[in-house]
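Shared between the two complexes below is chain A, which has chain B as its partner in the first and chain C in the second.
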Partner chain A sequence: MTRAGKNILFRALLIGPALLAITVFMIIPLGLMAYISFRGRDYSGGVLWDQFTAEAYVRLFFESELDGTLALNFNYMYIILRSVWLSFLTMVISLAVGLPVAMFMATRDAKWKAVLVFMVTLPFWTNLLVRNYAWILLLRDHGIINSALLWLGIISEPLPLLHNSFAVAVGLTYSFLPFMVLPIYASLEKIDLRLVEASFDLYANRWQTIKRVILPLAFPGIVAGCVLVFVPALGAYITPELLGGGKTLMIGNLIGFQFGAARNWPFGAALGMFLLALVLTSLWLYARRYRGDLERLQ
Partner chain B sequence: MNTSTPSSTQEPSSTQAPCAVSARSLSKVFGSGSNAFKALDNVSVDIRENEFFTLLGPSGCGKTTLLRLIAGFEQPTSGEVLLDGEDLSAKPPYQRPVNTVFQNYALFPHMTVAENISFGLEMLGRPKDQIKSVTANMLRLVQLEAMADRRITQISGGQQQRVALARALAPQPKVLLLDEPLSALDLQLRKEMQLELKRLQTDTGITFVFVTHDQDEALTMSDRIAVMNGGKILQIGTPREIYDKPQHRFVAGFIGEINLVPVEAMGAHDYAIAGVGSLRSDEASVVPKGDHAVLAIRPERIALSAPGPGKLPGVVTNVVYHGTDTIFHIRLADGLELRARSQNNTARIQSFAKGDQIGWTVDAASVSVLADDPS
Partner chain C sequence: MNTTNRVGKHTAKLLMASAMALTALSGSAWAAGELNLYNWSNYFAPELLERYEKETGTKVNIDSFASEEDLLAKLQAGGGGYDVIFPGTTTLGVMVEKGMLAKIDVNKMENFKNLLPAFTTIAGDEDRTYSAPYMWGTTGFTYDPEMVEGGPLEDSWKEIFEPRDGLKGNIAMLNEMSDVWNAAAYYTGVSKCTEDPAEAQKILDVLMAQKPHVKLYSNDGTIDRMIAGEVAVHMQWNGAAHRVKEKKPDAVYVYPREGTTFWTDVIAVPKDAPNLEEAKKFVNWMMSPEVAAIASNYTGYSNAVSGSGEFLKEDLRADPAVNTPEEYNDRLRAFENCSPASKDLREKVWTKLKS
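And then the complex of A and B:
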């Protein structure tokens, strides 16, 4: 074999495993999803492979009347908007709660840090489903919170805490909070304490130091945390299913419904593609907005 | 401490310029119980206005702790820090009119050179146009005008050093604290920066408190030096006093090379070296007649010649050539050796070789007398 030939073979062998993994785990499933979304619907479940149609995408915005004409239908858009709104709310609450937690953790001594990081990751050790059921016990009409408030005489009727957007937001925040805390903690922990001393030395008080030195330096962690909370929250399935009680649907539930009871695979796939487009667009907007800030910290 | 040596840690504050910073019986203990470490042990010192004052000592001697107590990063275990006579104890670092140049500069990586320099002025709430003009002045002062909009990561170590200096000087502090600011620079740059720092101190008239373990740096730049060891200040004086008149064995040994010769006091100014002869010192004895003392003699103050009357005898055991000078190792008696440094003022071949019998003398002004205790 020629020297150049050997070189190409060598490179192919090196790239091979990564390429294979990307193909099997990303390109094929995504391609399949895109493909199915443009196929005809088999009412018994599955797909009419030989029929090309964009019907699934039309269905996102329109419904066909009995006479065959199309009318605007905002039902799906409404669910998608609620998903975005709830995910955004989850991200904001997680940031508001997670940032002080991460700051507290990062300023403890080494022994305490290890314990606190362990405690933050503790929920991962058990099943998400079980933890969401636990929230039902807390939030339902005769649950722990309502019972306690009734017993204390603060309220006379149980508060509607379960099966609404509030319950879903609480559940999502609870589920994804560690994904906000950990990256922020990691970036705070890397900050050189002498920079904080330098800031104090240059007449910045505690608040000014947080605003001008600590937060800008923790910015990559904050961005990572927001992305890690927002993106999976957008596709959440279990939490809105259990805590939303079938009334507060999110995209995840809608997709699940299409592949299950509704037997409309192409529409489920189209919803998946739409979700993907939504995530990519928000990440792109995010990146465009904060690229400069991230680059200056490289 | 003996009464004949002026108490080095308790200098009268009335001399010359008024005090900028005073430490009063300052102690700092880190940890507690069996892990307790006394970093600073009852230190008192008065630093004058417009003075270039250096804290010199080996690592762990407490010099950085003293600096951090003045800056307010640490709280003293006991004692107090006064600035212009006012007690600073209750003030956090951001309320002290003192700025620090940190050992590794601690520049803000997310800001430009100019943003770093203007940070202190902004935090003080100075008007925008003033911030702008002072920052421009500072950039000019440290010759970094062309770098104003660069990121900290885009400039060299020497330039970062100058930014750190400009950032600390911009708010015009009463006192500038410098924590080994030159230690990360290479030798050539360090020499340049030594002169530049001294120039800046003279130009700005700000009191500099400079921490270093480098004796050359201390001798070159300082108006006064405090030599520290084991959490205490052993001696305070001008570079000349510290070098020529060390009052402690530690001070004598830490600054430059020195010969320590055990002797017996014969009178107020005369000392006997057993089996060799006697030496005179201008300094009055620190011990009574008949007691042991130690003479400290710098190698370059020893004059070598052929043996003769009025000279002390010795034998050359080694000759080490150093270019500008030559070091002679001279054996006086069993177990007693001296080093003498002789300037190579001419290219003539040195007249002494290994094994030669020689005579040596020392000017009485160049002989320091120390108590014979191991401190």
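And then the complex of A and C:
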């Protein structure tokens, strides 16, 4: 074999495993999902493989009236909008909390940094389900927060903290906060602190230094953190189920329902494709909006 | 570190060994004089396995599934080599329709006469050609009298759907589409298999009016929620109600007079069962009173065999939530297999309720 031939073989072997993993675990499942979303519905669960129909996508936006005509259907849109809104809220709160935390961490000395990073990742040692249950114990009527407030005499009736959108937002923020803190910390840590000193030397005050020096340098981390929080929050399943009290659905629960009780696999798959499109579109918009800023930094 | 490694390797070896054993087992045809059951976990009394072996000399093995989707999938894939399975009513319907079950003529079996009249037929297997009843239960609601002002609640879904002032915000519903839909259908007097959008609208109206008073919809932790006093009223399955009463003896399980759904799990035999004759004998044996009682004592749910009452554990027999009083028999409503059009309406209502 020629040297060039060997080289190609070597490269193929190196790329092979990654390519295989992407094909088996991403491309094939996605293709299958897209395919199922265009098949007929088997009411006893499953799919009518030999039937092509776009019914699942029509169902997303329209419902049939009594006389068979189609009318706009806002039910699924409400659920999707609520998911987007809650995920956006989660992202904003996580950023508001995560940025100062990351700044604090990045400005400690090396020994402390290690400890603090460890503490941020500590919650991952416990299963997400358990952590959400813990919030039930905190938030419920006879829970720790309400009991404490009652005991202190600040309130006379338990506050309705659990089983509403507030509880879902709290749960989502708690679950995804580390995904915001860590990337911001990573980009802040690389900042040359002499730049901050230089900024002070040039008579910038603290606020100006943060706004004009630190934030622009931390920007790639902030973008990464926002994406890492927004995207998984959009598909959240456990948190709305447990903390929302099953009163309102998010997209994740709606999809789960289609594959479970409703036995409408094509529609579930179509919802999955829609969620994917939603995520890709928002990422694309995000990238387009900030591409210039990111390129300037690199 | 070293020890954990060794333990890890040991576990891996064990796993491999058992995997190989399993393959070997499923590869060979099951020997005669054996019977393989496939059931939910913790849903079959170990005592009965021994007993059957002692009485007939047939060795009984049991394997468990986590959901009926698993059961269906495994049988559809043609695997398993199971002789006796325990599906729910919905799955039974699918299996009969798809021709997955053996005709075992349960209605001609010797012990068929033992069945309570209500169970001699079932949706999907009307003349009991394929299946015998195993366990059954009801969906009603439980309340804690201590948390309810103004005396005992009526035996009516009204108490849940149009709650009195003290109960507003103090109600939990099951997060189960068909159970909630059925209850609202009984309450509004609409057929639960309705295909009429106007009737479905009535059901939706009741549920939407109720929603602000509902604290949560959930299937999990219904027992703890009642015991902790988080809600005063909980739509509940009767087996769960029985366990609430173990901690809160005053709690009351209500069979609403407008209609109380009952579900049934059945015993059936797959079409390609390796030990068909043996399986038939087993199904017949399961319909004898003492055997059915032992099964109930283990699961905590009712069986459908008359005369089993005297063999029941005292606490089960004494609890009207489990041992349904006869005067409530006309309140019980069986599962019905509704048309696709009706299922569509039900889903629409559920989605609108939750959007």
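Here, the second predicted complex is superposed on the first by the 281 of 298 C-alpha atoms of A that agree within 3 Å, B and C clash if a C-alpha of one lies under 4 Å from a C-alpha of the other, contacts with A are read in each partner's own complex, and residues count from 1 in each chain.
Please note the rule applied: a contact is a pair of C-beta atoms (placed from the backbone, for glycine too) under 8 Å apart; a residue touches a chain by one contact, two chains touch by 3 or more.
The structure displayed is predicted, hence computed values, not measured ones.
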item: Partner chain in contact with A:217 - chain B first, chain C second, else both or neither; value: first
item: First (chain B), second (chain C), both or neither touched by A:34; value: neither
item: First, second, both or neither for A:208, with chain B first and chain C second; value: first
item: Partner chain in contact with A:276 - chain B first, chain C second, else both or neither; value: neither
item: Touching partner for A:92 - first (chain B), second (chain C), both, neither; value: neither
item: Partner chain(s) touched by A:186 [first = chain B, second = chain C, both, neither]; value: neither
item: First, second, both or neither for A:78, with chain B first and chain C second; value: second
item: Partner with the higher number of touched chain A residues, chain C or chain B; value: C
item: A:198 touches, of chain B and chain C: first, second, both or neither?; value: first
item: Overlapping contact positions on chain A, where the chain C interface meets the chain B interface; value: none
item: Chain B-touching residues of chain A, taken from the complex the two chains share; value: 192, 194-195, 197-205, 208, 212-213, 216-217, 219, 296-297
item: Contact footprint of chain C on chain A as seen in their complex; value: 43-45, 63, 66, 74-76, 78-79, 140-142, 162-163, 245-249, 253-254, 257, 261-262, 264
item: Chain A-facing residues of chain C, complex; value: 69, 72, 93-94, 97-98, 175-178, 197, 211, 214-218, 228-230, 340, 343, 347-348, 350-352, 354-355
item: Partner chain A, residues of chain B touching it in the complex; value: 71-73, 92-95, 98-100, 102, 104, 106-110, 119-120, 123-124, 151, 167-168, 171
